[in-house]
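Below are the structure tokens for one structure; questions will follow.
In this document, chain identifiers A, B and C correspond to the written order of the chains, with residue numbering beginning at 1 in each.
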Amino acid sequence: MESNEILRVNGISKRYGDISVFEHLDLSVKKGEVVVIVGPSGCGKSTFLRCLNGLEEIQEGEVLLDGERISQNPKELSRTREKIGMVFQSYDLFPHLTILQNLTLAPVKVKKRNKKDVEKEAEELLERVGLLSKKDRYPRELSGGQKQRVAIVRALIMHPEVLLLDEITAALDPEMVKEVLDVVLSLAKEGRTMVIVTHEMQVARAAANRMIFIDGGKIVEEGEPTEFFEHPQTERLRQFLHSFSYEAE
Amino acid sequence: MGFEVLLKGNNMLRLWQGLLVALKISLLSVVISIALGVVLGILMALKLPVLKQILRAYLEVVRIMPQMVLLFLVYFGTTKAMGINLQAETAAVIVFSFWGTAEMADLVRGALQGIPKIQYESSMSLGLNTYQTYVYVIIPQIIRRMIPLSINLITRMIKTTSLVMMIGIVEVLKVGQQIIEANRKTSPNAAFGVFAVIFVMYFLACWPISQLSKYLEKKWEN
Amino acid sequence: MDFEVIHSYIPLYTQAFLLTIKIGWIGIVIAVVIGIATAFLQHFKVPVLAQIASVYVEIFRNTPLLVQLFFIYFGLPKVGIMIPAETCGAAGLGLLGGSYMAEGFRSGLDAVSKSQTESALALGMTKVQLFRYVIFPEAFSLSVPAVVANVIFLLKETSVFSAISLMDLMFTAKDLIGLYYNTTEALFLLVIFYIIMLLPVSGLGSLIEKKTHLRTAGV
């Protein structure tokens, strides 16, 4: 085991009854690494991500965060989740709270941090994503891209060791995708550990240290981005990438 | 046009007191309906197999039976069947609560099932435990959805309580009739003035409440 | 329960039942017409008329039918407007129902998407054609569940007709209870006849609800 490994997945399997989503998947993520998972829709990549912070129960295997096994016990699970941030496709801000309240809720209630300090930090982070002026607004008053940037900040403010991004641009209008991806890219540059599921191949290329291609519930290919995109080893990845470049035309 | 009757003696006051009787019955029924409806709504959202069928039958009865028929059933029926001489007011509260509970339960169920799963998940992902998720994230949202609808139920309840005169409760319409009767000779046109005023009184009782409900619904829609 | 008594009451109830549905359905037709007209005025913000329409909706939604009927039936004759009981019942139900139907139709109209309007205009349709072939059918089908719910509501509301001495089901039941003390039989028949009146409509409503649910879920 490498010394700077932060997240380790050992042979996890996910099944709904008799239907298997994936079998015996392994993954190791080093501190500061950005791992991007791609694959056709329905390949199980989002489910895989959701297993990493215990949103989905796993039937086999284990997930280790910082060498500690993530249990399925709800009490311990919420403690682990403080360390794993997650941002979803969309609509996950709390509609009854202002932007600032959305950001401060978890640090104050879960981490028992001082409210003033958290607010100050929240404002700094909002400033960074260009949304400080919206801090007293409600989510419904923001555009999709703005909401998604807030959602990222809401995950960041918990100081997670790993950030999971689940197709966070999939529900956005094209012109809003960039403003969200810019934030993701800057996080990658400052060395955040992230596991990203996305369809945005360009960002994958720009942000990833390592690419993973999942198809049919298996890791079909993985590798360093340039190699991955330029010289895919398997026929399935080649086809997958080709379908993308075709769509992009 | 018969308005002069209302200036005589304490006639106007009597009308207001009559309306108050109706309002009291509605308020009591609403409180009972909300309390029972919340419990029942949660049970419905849980989708327990046998209970679900029973509750569905209950909702269907409320859906198709006019409150007036229920009122007759309870008021005249219980006297006959069980030999209990139910007071008309009690019968009214029972019937309106029976009706209101069903309405409320359906609203609660709808509100509960209307909270997207992602709200639970993103809350959990932030490390909030189940208890915190409900207290800070889910229940406030449900309450926001429920308050306008519950307020709306109050106006519907007030309107429905006008029926109680049909089982002999002396409420505003009955008082109106009494006033018209008593002044038959001196003000033969009293019926116009009295019923016009009662019309306005009901409107004044219901309209502000339904406006409030609309306002809150708009303000809190996501 | 005495089935002979029930048997002998059936003709009375049938008569009352027919009267109730007759007035009920006339009222519902009036309600639909008023509702559509009101919804149009409000949706297209016709000056003055739209404001009048809103006042009408607020007044009738915020007062009980019983009070409306008392005013129309007992009050209006005192200022020279005499309306027979049956007309009064149908008109009252129509006015009340119109205010509810209007809300249903209006949200239907409001919900017809702008893009659809634009694509129809792009196809070269005139405004009238657009309305006749695109907006109206779409808005109408969107408001069907609300209309059915209102029909059920209005059929239930017919139960107050007895207050203006229409010999409807409630009137008949009350009479039989008061005159002959056959409470059980009178109430039994009352319930049965209301079930006959409302169960089919309610069933239809659930069916439509399910269908529309499926449709939206399928999108």
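A few points about this structure:
Quick note on the criterion: a contact is a pair of C-beta atoms (placed from the backbone, for glycine too) under 8 Å apart; a residue touches a chain by one contact, two chains touch by 3 or more.
Note that the structure is predicted; figures quoted are calculated from it, not measured.
A simple rule picks the central chain: find each chain's mean C-alpha point, then take the one closest to the mean of all protein C-alpha atoms, which gives B. Of all chains, the one whose mean C-alpha position sits at the greatest distance from that of subunit A is C.
Each chain gets a centre from the mean of its Cα atoms; for subunit A and subunit B, those two points are 48 Å apart. Rounded to a whole number, the gap between the C-alpha centres of subunit A and subunit C is 53 angstrom.
The mean-CA centres of subunit B and subunit C are about 20 angstrom from one another, to the nearest whole unit.
Contact residues of subunit B toward subunit C in the complex are 1-2, 60, 63-69, 72-73, 76-77, 79-81, 155, 159-160, 162-163, 165-166, 173, 176, 180, 188-196, 198-199, 202-203, 206-207, 210.
The part of subunit A that touches subunit B in the complex is made up of residues 53, 55, 74-75, 77-79, 81-82, 84-86, 88, 91-96, 105-106, 109-111, 139-140, 151, 154-155, 158. Of all the residues in subunit B, the ones that touch subunit A in their complex are 116, 118-119, 121-130, 132, 136-137, 140-141, 144, 220-222. Taken in their complex, subunit C has these residues touching subunit B: 58-59, 61-64, 66-68, 70-71, 74-79, 152, 156-160, 162-163, 170, 173-174, 177, 183-184, 187, 190-191, 194-195, 198-199, 202.
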